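There are structures below to look over.
Two complexes follow with chain A in common, the first pairing it with chain B and the second with chain C.
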Partner chain A sequence: MGELVAEWLRALSFGGGFNTNVVLCAAILLGVAAGTVGVFSMLRKESLVADAFAHASLAGVAAAFLVRGALTAEGSAPRSMEVLILGAGVSGSLAVGAIGWLTRNTRLTADTATAAVSSASFGLGICLLSIARRAGGAGQAGLDDLIFGSAASMTRADAWTMGILAALTLTITLVASKPLTAIAFSDRYARTTGLRVPAMEALLAALVAAVTLAGMQAVGMLLIVALLVIPPATARLWARRVPPLLALSASIGGLSAWTGTSLSAAAPNAPTGALIVLTASALFVVSLAAAPERGVIAGLLRRARLRRDANAAALRARDARGA
Partner chain B sequence: MSEALRTFLTLDLAPLLAVTFAAGTLALLGAFLVLERRAMIGDAVAHSVLPGLVIAFLVTGTRAPSAMLLGALGAAVVASGAIGTIGRFGRLDPTVAIGIVFTTLFALGVLLVETSGARNVDLDLDCVLSGQLELLFWTPPATAVDLLRPAVLATLPRETLLLGALFAAVPALLALVWRPLEAAVFDPTYARTRGTAPRLLRAGLFILQAAAIVASFEALGSILVIALLTCPAAAARLDARTLLGYVTRSCVYGLFAGVTGYLLATRTAPAVLGSSIDASGTVAVCAGTLLAVRALVVRRS
Partner chain C sequence: MILREESGVPLAVTALSVAYRDEPVLWDVNWSVRAGSMTAVVGPNGAGKTTLLSASLGLVPRLAGDVRFWGQPFSAVRDRVAHVPQRESVDWDFPVTARDVVRMGAMRGAAWWLPGWLVPTRAGRRETERRVEDALVRVDMTELGARPIGELSGGQQQRVFLARALAQDADLVILDEPFAGVDEGTEAVLTAELRRLAEAGRTVIAVHHDLGSVARHFDDALVLDRTVRAQGPAAEALATWRGDVGAAAAGV
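Then we have the complex of A and B:
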């Protein structure tokens, strides 16, 4: 146990190997980017769209793997990870499109459409994956890592891809934070200011997709949505205005990724994604208990105070009648 | 008995029955989830079953069905309680609360499976996703006549029998409380004035839903459970006019997806692709395709 803690502290303070540090830096960037983008999707009540996107991306990953396998037999081998990410992006976008279509054109509500499309498309992913497994090949083992995430299996190139994608997403989000804030609160207001709302909606969807794809390998497609949901929700318990909300959410995302990734460097058996998510969850639980207005403790105290005041008022009224 | 029939009975009968029973039950109960706009809650509960199973295993040291069922039910209750608390005190949107709870519990389950001894006793992550239908097999009797004897059928795998019992019990229970249930679903206020207890009924319905999710989880895996809870019900919801028609249709769609998907994965796929494909995934795809086709048809007309 003591060894584990020492090992963890070493990784935490960037005392691990060079590769570990590259992965750690990239993961922190990912956490910061996810925390920032996540604020806007939370404010638009679209948190679970990312979940559907991520679930559906398995089908694209497996399909891309199969197609690439068929092509490389003829000698043209494109680089692996980029092709898989391209496939994931296509199938994830198709699923998000399908959810939108169902919500607009049928009487189904958004939550039903989301649950139905994400589970069915994940089923398709599992089917294609079972074909890919039979087809075999060296890269097939890496596909499983994308489901549950594994920072240990990341090469330096993978970490660079993740870091650059995360940094790019973060930059674009910060540059566009003003119009993104406008559409987060009111489409109609945003339109009156001359903003092209559909374009901004598409931008937000693209940013969410970019974070999801960037984090798939480290965190895994089943848990990446947590990085987009939990840090913004935790920050929301403390912050009332958008700038502090963004700063806090980004810090919490970065801190969770930092702690979780270094923990998994110390204990290679433990899945990275789960450790990152559980760190974020722990911060959320503490905040939910202790936050000043939206916290459980504050809420219970307020309730007790209201009850006491009401009782006191009732007693006074009785005394007044009696007198 | 012919060789082909014997092979079918040995390898396919138990999983086919398990998928069919589970599909019917989940589609039936999922109809109420979709109607009450709680589809994502079903999704969250299905994800949170995992840590419940692992913790129950770690505490009791066995995979006895009663321990598994209790652990999973406990996790389901914790999940829905946590979603409620986050919404009430934190004043966060329900989608956010659901997203927090199911990812947290799922992450906890993944961590426990990977780091504890549970991994060695076939609670691995693959069977979490797509179940272990392949492991259900049966030693059929020597003659075809024996197939009708209850004592012979009782030797079917435990999962199949459990799902069969649920598939018999759930419609019966629903029929028993049908009128009050109808009122409780559509108009809780009216139901209360009539002296029925809508909250009690809905709590009972939730327990049934959680039990069906838990019972199906081991055999079918999490994806299929969620797909069967939502897709058939969504397809039925598109043009249903009465509650009875809606619920029946959802159940029929579920059964159809279950049988078609299983046969496609184990019969058609080997003929076309040379090997069978994941049966749970195929059933989920069938349920999704059904929804897609119905949505296109209903929209046109």
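Then we have the complex of A and C:
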């Protein structure tokens, strides 16, 4: 146990060898990018869209796996994670497009459309996955890596790709933070300023997709959503303006990725994604309890104080009547 | 070539019809607003008052007809027009302070969408902040500027959104139910500031629900019930409409 902690601390302080450090840096960037993009999803009340994108990704991954198997010669199966991630991007985008179309053109509300598309496409993904598993062949492990996440399986090139994609997403989000805030606050007002709201909505969806795809291999397609949702929700408990909200959410995302990834580097076979998400969740629970205004404890204290004041006032009134 | 002549009419609506899917909401509306006037849009519930304003601002697609601001399409003059939304349409839990909301109006113009760290000139930023503080002073909200909007009372929230419109320094201010659910103090602040705008030659248009106070607060009125029932000086327009309604009732 002590050995594990020592091993973890070494990885945490970037003492774990060059490859580990590259993966760690890329994961931190991913956490920061997810924490930043996630703020705008939360403010637009669209956190579930990322969830739908991730669920729908499975069908694309499995389909891409089957296509790749059919196209490559026996025995030569390339590792090419990119093909699988491309498949995820296609099916995820189709699902998000379908949700948008259903919301605009039918009487379904956004949450119903999201839940319906999300579960239907996940069902399709499960079917394709079982076919892919039966087809077997080389590279099956790649499927599991994408579904459950495994930083240990990442090559240096994988880590570079993830890091660059995350840095790019982060930069675009920060540059576009004003218009993204505007469409989240009021898309009616945003439109009267001349902002192209549909274009900004598409940009936000693309940023969410980029983070999800970038983090799929390290964190896993289902857990990456947590990195988009939990840090903003945690930061919202402390921050009352958008700039500190962004800074705090990005920090929480980066910190969770840092802690979780170095933990999984110390303990081989430990699930990276799960550890990252559990770290973020722990921060959320602590914040929920302890935050000064929106926290549970502060709320209970305010309530108790109010009750005491009410009782005191009643007593005073009774004394006054008695006197 | 189409001549886009600048005209003195702040808002001219011609043969405007609007439908939600296949449900007509506005039918053949013709309306012209006098420059420097305070004009009320009144009418029964579901008359299409908010829709008329939304369609004018391009927020709702038009079925037919034309809307011109000073003879030009809205897209050409959008920064000269300020919009104060209906209270219900605002997300009050959004993490912004009163001052942040007012700043949105003060930053209107070419590069508002640039993040602060990319805005080059310190002078520009100072000018923005000066306009924000001026607007807050005018609605008597300076002390509450740092409060999140969700922690303000209904009247204070309404003042903040008026301050946003003031900070924009617009020539035409369009308000949707500005007096709905506000306290007397706020009503006094709002009417005084709107009157000041009109006296400075700006134009004010407001959806208003209380027929009794229309003539007191406003110069002109448009009586709307899916189509135009009456328009003109407030008292006359209301009298015309009442007369019509009375005649219709008598005819039955």
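The criterion applied here is as follows: the second predicted complex is superposed on the first by the 308 of 323 C-alpha atoms of A that agree within 3 Å, B and C clash if a C-alpha of one lies under 4 Å from a C-alpha of the other, contacts with A are read in each partner's own complex, and residues count from 1 in each chain.
We adopt the following convention: a contact is a pair of C-beta atoms (placed from the backbone, for glycine too) under 8 Å apart; a residue touches a chain by one contact, two chains touch by 3 or more.
No experiment lies behind these values; they were computed from the predicted model shown.
Engineer: Will chain C clash with chain B on chain A after the two structures are superposed, or do they fit?
Structural biologist: fit
Engineer: If you stack the two complexes on chain A, which partner ends up touching A:184: first (chain B), second (chain C), both, or neither?
Structural biologist: second
Engineer: After the superposition, just quote the angle formed at chain A by chain B and chain C, using C-alpha centres and rounding to the nearest 10°.
Structural biologist: Here the answer is 100 degrees.
Engineer: Between chain B (first) and chain C (second), which does A:156 come into contact with in this model arrangement: first, second, both, or neither?
Structural biologist: It touches nothing on chain B or chain C.
Engineer: Check the contacts made with chain A and report whether chain B or chain C touches more of its residues.
Structural biologist: The partner making contact with more of chain A's residues is B.
Engineer: Taking the superposition on A as described, I'd like to know which of chain B and chain C A:245 touches: first, second, both or neither.
Structural biologist: Touch status of A:245: second partner only.
Engineer: Touch check for A:236: first (chain B), second (chain C), both, or neither?
Structural biologist: Both chain B and chain C are touched by A:236.
Engineer: Touch test for A:174: chain B only (first), chain C only (second), both, or neither?
Structural biologist: second
Engineer: Answer with first, second, both or neither: which of chain B and chain C does A:193 touch in the superposed model?
Structural biologist: second
Engineer: Where does A:47 make contact in the superposed view: on chain B (first), on chain C (second), on both, or on neither?
Structural biologist: First partner only, chain B.
Engineer: For A:111, select first, second, both or neither according to whether it touches chain B, chain C, the two together, or no partner.
Structural biologist: It touches chain B, and chain C stays clear.
Engineer: What is the minimum C-alpha distance, in Å, between chain B and chain C after the two complexes are superposed on chain A?
Structural biologist: Distance of closest C-alpha approach: 8 Å.
Engineer: Which chain A residues come up in both lists, the one for chain B and the one for chain C?
Structural biologist: Comparing the two interfaces on chain A, one with chain B and one with chain C, the shared residues are 236.
Engineer: Within their complex, state which residues of chain C touch chain A.
Structural biologist: 54, 57-59, 75, 78-79, 81, 83, 85, 89-91, 94-97, 100, 104, 108, 112-115, 118, 148
Engineer: For chain A, which residues count as touching chain B in their complex?
Structural biologist: It is residues 42, 45-48, 51, 98, 102, 105-109, 111-127, 129-131, 134, 147-148, 222-223, 225-226, 229-230, 232-233, 236-237, 267, 269-271, 273-275, 277-278, 281, 284, 288, 291, 294-296, 299 of chain A that touch chain B.
Engineer: Flag every residue of chain B that touches chain A in the complex, lowest number first.
Structural biologist: It comes out as residues 34, 37-40, 42-43, 85-86, 88-93, 95-96, 98-100, 103-104, 106-108, 110-111, 114-115, 125, 129-130, 223-224, 226-227, 229-231, 233-234, 237-238, 265, 273, 275, 277-278, 280-285, 287-289, 291-292, 295, 298-299.
Engineer: Under the touch definition given earlier, write down the residues of chain A that touch chain C in their complex.
Structural biologist: 43, 174-179, 182, 184-186, 188-189, 191-195, 236, 239-242, 245
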